[in-house]
């Protein structure tokens, strides 16, 4: 708004917004701070805020005892793999819906969305059973497939909305210029839609990284990602605040940073274009 | 507007996504439906290979008749309703505040949005232990500081605790979407209202709120769909104890913990129906936006 | 080489017939302009030839080869789009080279051809810029460059100048005509602007509601419009149409006379009227005349120095040999 606001008002808004912002952020901040304390300091009464003996010990202990790197690697593979696979399948689909729409395109898009709304618990046992039958239980491949499928509708939707912003004439020009379908998508559409594809990738990595129904129910020791790693702190290790905090910080830090970069795309991706 | 070539190519290109999703939807759904009419207790030797006994609607009747069913529906509704009220109301207020001119707006936005990126198991455990622990939790310290008796959060105020944790996770989502909606409001409209002498409250009530109504509806619908199936937050905090057993959690227990697949599947069908009722409304809104 | 023959070509979108079956032959090396009001099907016709749309029925032959089932790339045509349709993520050099890359030419050959095209189109110093950094006219030239490097059998232009401002448009019009003279390749050019059609075409195809109203050279259309529609569409300002008594006197339903074929005089003439708006272009003056008793306002063209003012009485004399007569179907009544 281009209206003059008095400095006094601006100070008021700033103070209010920062206080609330910090309040909301506080649990994360507290977790990060606690991760640098010793266990004794973590439960000190009264609580210690900044003045304690900063230590990195918890981080090394967490890695040693529970092999954090393995869980991290599983998370990376599962989130990255499912997103990559989803993108590869979704780009052609979104291409056809955006540039060769038919009367059924809208129905197909809405139907895809509806599969996203299927409550996971309703199909838990069938998937569990199929996983046992196919030997996919506790395998990274199985989880990559499941997470790809649950996020595929969002990927298709997001790409569809980005592709629709690209003028069809440019793709027709490529066709006139002798590009095959593959070349048209690879050399013209994909590079032009790169910012949109990047945001889609980002959002889906976040969603897959934090997914905590299938990752908890379909993994055990082998393929468990960070969601399951943290869940193992449920008890009694959870009482070791400093170590819980270190583990938590490591689990959320990468995605928190990615998330900060993708705020804007978040709205588009999670509301299926219903709010712009 | 295309040729036969590009149309058939389009169908080919769409096929993998459509076939995969169709399989992902139909196969497990059919199996769930199938199991829901069968007696299926894997621990007692029932298996698909040996054939399952057909029991008609018995599982459906038993699931609803069990003593846990109505409490689970109640817990689900209280949690979903509570979180919706908190996130939407606070979300609107927060969005209005963040839309005002201030210093460091970008940073405040980042602070506010952050909880959304915290994985559910982390937020569940961090809240449970570091904040809600009755002895060492920060909230206990706070109560003691004011001379009050610390609350046994997750046992005495279990539903409230879950609502608090989940609201903390979803408030950023509501705020961000509502903020996007506010920012798309034409400021001339507000200025015109101001010229007409409408006071702040009236401007909010007659212009801002109607403008946001669509976004609010979308927030409510999308959150409802996600909230109906919250799992990890309960799994790592109360594990369904102290009256926090939602429908989702109840089905999970029936299927994986007590291994009564038939009964759990009937519950699953109920959950699917419930989610679909909400989904229909969401799809209407999204569908309208497609044209 | 680029003779294009359309034989009973028809296009329907669903149940809507956009182009009823039509025949058309475009000779090798000819500059053909499709002209007509918006929505007349001229762009659709061009897209059918390009292969961006399927024909519903009929055949399109390019150099005697049946192409109606070939994809666009296999037809050997190049197209310049209204929006230029440049690839925004590629430099000018890469844009122009793109069709050659798709044709799998070797790099030396590509470089050579791109350099030649850039030379011809004065783009050499812009080769490493992105389309976003170019002016409208430069973008247009890049689009043309991308078309000429392929050495196509024919060029298709889809309203290529409509996004340019008026001054640039005249310049580009000349450049395209020049290019045609130099390359002597078949060109099909779609426009709604009859001035572009008149100035550039060897052959004009006037389309209305998907139907070819007339095909001919610019002067043929100007001199002998086959019907009321063509007569009104070709020529600027528009031909005056007079019906009623004046027409039936000449055994016609309607008569038409172009503004430039009416003599004006202060003293005497066949018709009289009152001057309304006058438009002074310097070289010419257009007078809009009311109250002639002939129906609508008449437009006449006079020499730039003729000075009638608003409200003056004016006398008009049509050149009788330039009067076009039409029957009640709008068809020309032949001499």
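For clarity, chains are labelled A, B and C in written order, and residue numbers in each chain start from 1.
By definition in this document, contacts are C-beta pairs under 8 Å (C-beta built on N, C-alpha and C of every residue); 3 or more make two chains touch, one makes a residue touch a chain.
Everything numeric here is computed off the predicted structure, so don't read it as measured data.
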item: Farthest chain relative to subunit C (centres taken as mean CA coordinates); value: B
item: Centre-most chain [mean C-alpha coordinates]; value: A
item: Pair of chains ranked first by number of touching C-beta pairs; value: A-B
item: For subunit B paired with subunit C, centre-to-centre distance based on mean C-alpha positions, whole Å; value: 60
item: For subunit A paired with subunit C, centre-to-centre distance based on mean C-alpha positions, whole Å; value: 54
item: Distance between chain centroids, defined by C-alpha means - subunit A, subunit B (Å); value: 16
item: For subunit C, residues that touch 2 or more chains besides their own; value: 52, 71
item: Multi-chain contact sites of subunit A, meaning residues that touch two or more partners; value: 175
item: Subunit B, residues touching no fewer than two other chains; value: 1-2
item: In the complex, subunit C residues that touch subunit B; value: 51-54, 71
item: Residues of subunit B defined as touching subunit C within the complex; value: 1-5
item: In the complex with subunit C, residue positions of subunit A that touch it; value: 167, 169-170, 172-180, 183, 187-188, 191-192, 194
item: Residues of subunit B defined as touching subunit A within the complex; value: 1-2, 6-7, 9-11, 13-14, 16-18, 20-21, 24-25, 27-29, 31-32, 35, 48, 94, 97-98, 100-105, 107-123, 125-131, 133, 136, 138, 141, 145, 168, 171-173, 176-177, 180-181, 184, 187, 190-191, 214-215, 218, 222, 225, 228-229, 231-232, 235-236, 248, 251-252, 255-256, 261, 264-265, 268-269, 271-272, 274-276, 278-279, 282-283, 285-287, 289-291
item: Residue numbers on subunit A that touch subunit B, as the complex places them; value: 1-3, 5, 9-10, 13-14, 16-18, 20-22, 24-25, 27-28, 30-31, 34, 43, 45-47, 89-90, 92-93, 95-97, 99-100, 102, 106, 108-110, 112-115, 117-130, 149, 152-153, 156, 168, 175, 181, 206, 209-210, 212-213, 216-217, 226-228, 230-231, 233-234, 238-239, 241, 244-245, 248, 251-252, 255-256, 258-260, 263, 266-267, 270-276
